[in-house]
Amino acid sequence: MFLEIQYINKSFGKEQIVKDLNFSLAPHKTLSILGKSGCGKTSMLKIIGGLLKADSGNIILDGNDISELEAEKRNIVYLYQEDLLFPHLNVFENIAFGLRIKKQKEAHIQSKVKEMLELLELEDQGQKMPHQLSGGQRQRVSFGRAIIINPALLLLDEPFGSLDAGTRQRMQQLFKDIAHKFKITSLFVTHDLKEAILMGDEIAFMQSGKLKLYKNKEEFIADPSTGVQNEIGFWENLIPKGQNII
Amino acid sequence: MKNKEKHIGFILFVVFAVLPFTLAFGYALLYSFGVIGIVNEGFTLKFWKEVFTSSTLGVSFIYSSVIALIGVILSVSLALWIVLKYRESFGNKYLSFIIYMPLAVPGIVSAFFTYQLFAQSGFFARLSYQLNWIETAQQFPDLVNDNWAIGIIITFISLLTPFFILLYLNIYKDERIEELSQLSRALGANKKQIALKVSLPIMLKKSWVLIVLYFIFLLGAYEVPLILGQESPQMLSVLILRELKQFDLTKISEGYVMAVLYTVVIMSATVFIFSRKKLRNNAY
Amino acid sequence: MRISLKPFFLSIMVLLILFPFVYLLWLSLSADWSFPQVMPDYFGLKNWKALLISETGLLRSFFQSVIISVSVGFTATLSGFVISRNIAYHPKKNTLTLLSYFPYIISPVVFGACLSYFFLKLGIFGQMTGVIVAQFMISFPYALIFFNSFWGEKTKNMEDLVSTLGGNRLSSFTKVLLPLAKGMLLVCFFQTFLISWFEYGLTSVIGVGKVQTLTIKVFLFIREANYFYGALSSCLLILPPLVLMYINKKYVFNKLT
Amino acid sequence: EELQDWKNASWSEIKEEASSTTVNFMMWQGSPIVNDYINNYVKPTLKKKYNITLNISSGQGPEIVQLMMGEKQAGSEKGQVDMVWINGETFFQLRKIEGLWGPFTEKLPNSQYIDLNNPFIGIDFQQEINGMECPWGINQFAFVYDSSKTPDPPKTLAELETFVKVNPGTFTISNDFSGMTLLKCFMAEMSGSPDGLDGEFDQQKYDTLSAQLWDYINRNSKYFWKEGQTFPKEHSKMDQMFSSGEILLSYGFSEGGIEDKVLQGLFPKSTKGYAWENGTVLNSNYLGITYNATNTAGAMQVINFLISPEAQLKRAEPSGMNANPVLDISKLPAEYKTQFEKITARQYGPSLDELSENAIKEPAPEYMLNIYEDFRTYVLEK
Amino acid sequence: MFLEIQYINKSFGKEQIVKDLNFSLAPHKTLSILGKSGCGKTSMLKIIGGLLKADSGNIILDGNDISELEAEKRNIVYLYQEDLLFPHLNVFENIAFGLRIKKQKEAHIQSKVKEMLELLELEDQGQKMPHQLSGGQRQRVSFGRAIIINPALLLLDEPFGSLDAGTRQRMQQLFKDIAHKFKITSLFVTHDLKEAILMGDEIAFMQSGKLKLYKNKEEFIADPSTGVQNEIGFWENLIPKGQNII
């Protein structure tokens, strides 16, 4: 498999935050991860991204053991819950950041960033500063900045948590398109049932540090503990009697 | 690699922030026991006994504390009153710069200015004379180098009030007191109740650490009491320096006893504040 | 309708604030002003000319003060910024912060008196270097405490972000952290500059009267009862902070307190 | 070079070594006219004549002693200052900690013009100077009053007691060497004669007399300035208060320092100076070289200049410092003799000659040190 | 009707924020109000609460015209989007605030606040300070503080906006219980479709300053512009073929 996580454990003091984490993911796939607040999702992503040291366990990416590698050498980008744009750089420079770090040629940077801006439908926004953008636009810049450096793996931590319903829907679509186009492999953490179902090729559920992967979506939907059944019940009940919508 | 860098930072911290203070304290401690010092003859408790049997230090502590306390309380009250009453006016472009101007005036100049205005031959005394309120300089009330430290307190207030005004304007914004006041209105509170039960308590609670810190600063103030104080009693820093720089070389160690005691007191005060609240961004 | 006292009160306040500035300037332009006159006999540029031509050394003091304060402000701000990061992320953060409060709150003049032996030992007593080092010792803790709040969750996340995007520690400092902290750096510089610029007691102890900064001059003039020169040097002392404040207006006003 | 034995060097060697150097001079900077003399005459002239840069740092008495003590303790070979302006108790203390370098006075070519046998010059607070400090100035302590306001100023302690009761709030004692010298004069009067305090320090005598002194001060202090609740720290403040009429009776060294202040317009033209019936202190002040001076040769050159007829003449100008030369005019070359004689007599202040019959010698330094300490204990902190 | 809003208009500068607002509400009922960000919901609530002056129009509460009354005399409580607790008071005193303002007897205050704490399931939290509480707890305190003074009308501005899904669900239930028990009349602003349906006895939709009230829930559900149909479609599709859940 492309990504293999083997027996990762992590404790803060006495509290074990991540327990025997074990899973693998095929390339170009997205794994949705659901779970209550505080169950350890962020900690897990940070360990994989190299921002937090695990107590034990291995991370194999594309056949290489990267467990001991520093974050900047892993080629994994971690995207925060809030869109963390560099406030002192404009949109263009925010997206170009990773390329500049890698000291790429100016002409190359110009063309790649412009392409990315187009893809994100931000052609005219290149010169704006982050605070002049709407939430959705900020989130798109944040995506572009991550994807432009072609990371092997993308870690998304509730990327749409702070967006309103409409924007959120559009962003979900955009992400699916981009993920497909760039053949991105990613872990997608979310609180939202619907989003998890929509975004993931596979779905997992985390509970007090333990991650449970479902074989397929059907198994996930059928599991009453996920809350999908409740949700279906609620909406079905709204259908006026005797009326059939589908 | 990463660790090395971490250690260098830590070592620099120790060298620049911890070491000087430790050395100074250690030196004063050794000197106070007569262990070092050119005219001293080895370990002795006599300097400590001397300081404890004389009332000079105690009186100075009480005197300094009272002055610092009055200075801080009056400054804070004035600032609170101004902010609660005239808050909106500070949105004005000119006023918002003018209000910062006093921060450019150092204590030594402020003290000098107070002296120029309030001395018995100062500006106000001259005005009073011209207005025939007084006939001789001696008739002008005693406001500098005086018994009640009025000059010192006036100067402290002029130094601290602008600072506290700015602080409270910011707290007002950060703590969203405007919204909390609206909410209180919805819950039935009138203006006075809002001020007394919401705005004031929140501002005081948010600023008490700073108020205590400023009290400690005033306790150790030097220039202002040096210029405006009287010869006895003197505020702590002035007293300690006088003892350290005195004619009688055999008594210099008593100055170090006082320095040690003063340092222990303010260290305890800081530890106390820390135990009550995590100090974060309180460097002002 | 109640009459509003507000405009009246505000005018008084503005007058109260501006009065010292005007009065000191006026005093610096005066001479021969004995009690009980309200106006001086002489009013003109005499004192200011003396500043430029006489050997009082005021101009020299001014530039010496500028050099000292800029050095102190600059080194304290930069080192404070970098080192406060180590403190903020240190497991014993609270203890270390407490330790940095001690040199910050102690009376500088007492601190200096207890330290002077070591300055003598190092051979920097009575030297400009010595004064810079001494003033650094009280402004550096200030800078540490000042930047404490910069290194929060959000900044940590920024740093993490830079490293996942492939940047090392150096690039995270130069490309992100320093630009991010620009406003705070300016304010911290302003504040540490002022700590140094206003400092009297510590400077007089460590400088042994040899390093005559402007504050030392002001005090000398006050002591010899030369109030006109006192006012003149006070003006010189107030001017740079005012200018700095005006330039930094945007940042200072938002972040100062 | 640094280990040069300056005590045995010839003056031309010293002169050569001193050229193009910097000399650090620590002095009391409490008087505008002294500062003006140093800043606007001495500094530029030294620069021009010898290419010596004179750096002034501010400090006197205890500050100098503390500095030297500190340097001794730290084993500092290179002192912060090369020369100091001292007398009396400071000389005594510096000798005690061996903080002075010397003897050197008689090495200075210009010392030939000084009459070191004059007890008011060769003896500093009852101590033989022995070449360890070089006389620079001589002056008498005098009382100052405005003859238009106070036609009949007090001349004895008894008269002063009446005076303060009639004019409450117009007299005070500065807590510095001027005020302490005043107290020494008082104490001498209590001893019964101008030379009552002569000789080595006598603890018993001090105890008796000082008890009387503090009793005198304390029983009258309620009639002092600010009812004796507080006393000025600096003598310069008293000048300001005298000029504004806050106080009616002042005093000071340099025969009261009247001349220049009247000329400046600070004091009224009716200001007069006088000595107490029992006498006031006549003393000299001196220049010393520190034990660890980095520029001993330079310091000697500067001191030699300061006691030169030229510099002393400038120092005597009525429009300037108006100070008495420490030189014996009769020993001077003819041209200088006439120049010194040409200097017009003082218009306002008394001359040294007028006062000299009421001159008393400085008592031993311990009197000064004890009075300082006890004035604080028994008066200020009472 | 208990609450009658008549022809209220409000502009900021040239922009008209609230347009010809006209509706009424029966006592003890909750009106859910949906609407995009910036459409004027908060402004409307503030006008009703007396915190913002309308340009024109009348507000009749329980038969009295309160349009000119000051906020503190209207007996209407406006609850902010974020839970705005008094930071200097503990939980008990936060809840007691309105009673203390009314200078009620100490014994009375003690018993009423204790009762309220129990109701909010905060019995043990009385002495805690606001910053020691979780988001859900803070929201509950905020409710308790408002309800304890028995307001004639409660205005809720996205009260659960910042809570996570689980907490949000529990809070919805709690609010329904309390509203019933205290016979509360309220306007409930939310972004969330499901929440609007759950909480409201009636539902309204606001769009650029104009408020549209639906006659009943059926009409609301049937209106395709509300998005309910979409939602139903999504969840229905998840039901594995041939399986019938209800």
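Each chain gets a letter, A, B, C, D and E, in the order it is written, and its residues are counted from 1.
Throughout what follows, a contact is a pair of C-beta atoms (placed from the backbone, for glycine too) under 8 Å apart; a residue touches a chain by one contact, two chains touch by 3 or more.
All values reported here derive from a predicted model rather than from experimental measurement.
Chains that touch both chain B and chain E: there are none. In terms of the stated touch criterion, chain A and chain C have no partners in common.
Ranked by separation of Cα centres from chain E, the top chain is D. Chain geometry summary: the mean Cα position of chain D and that of chain E are 85 Å apart.
Chain C and chain E have centres, each the mean of its CA atoms, that are 52 Å apart. With centres defined as mean CA coordinates, chain C is found 16 Å away from chain B. Shared contact sites, meaning residues of chain B that touch two or more other chains, fall at 2, 121, 137, 244. Within chain C, the positions touching two or more other chains are listed as 35-36, 117. Residues of chain A in contact with at least two other chains: 70. Taken together, the chains touch in the following pairs: A-C, A-E, B-C, B-D, B-E, C-D.
Per the touch definition, chain C reaches chain B in the complex via residues 6, 9-10, 13-14, 17-18, 20-21, 23-24, 27, 35-38, 79, 82-83, 85-87, 90, 94, 96-111, 113-115, 117-118, 136-137, 140-146, 148-149, 169, 194, 197-198, 200-201, 205, 215, 218-219, 222, 227, 230-231, 234, 237-238, 241-242, 245-246, 249, 252-253, 256-257.
Across the interface of their complex, chain B is touched by residues 49-51, 70-72, 74-78, 80, 84, 86-89, 97-98, 100-102, 145-146, 149 of chain E. Residues of chain B that touch chain E in their complex: 175-176, 179-180, 182-190, 193, 197-198, 201-202, 205-206. Every residue of chain B that touches chain C in the complex is listed here, in rising order: 2, 5-6, 9-10, 12-13, 16-18, 20-21, 23-25, 27-28, 82, 85-86, 89, 95-110, 112-113, 115-117, 121, 123, 125-127, 129-130, 137, 158, 162-163, 166-167, 169-170, 213, 216-217, 219-223, 227, 236-237, 240-241, 244, 255-256, 259, 262-263, 266-267, 270-271, 274, 278-284. Note for the complex: chain C touches chain D at residues 32, 34-36, 41, 54-57, 116-117, 120-121, 123, 125-126, 208-210, 212, 216, 220, 223-226.
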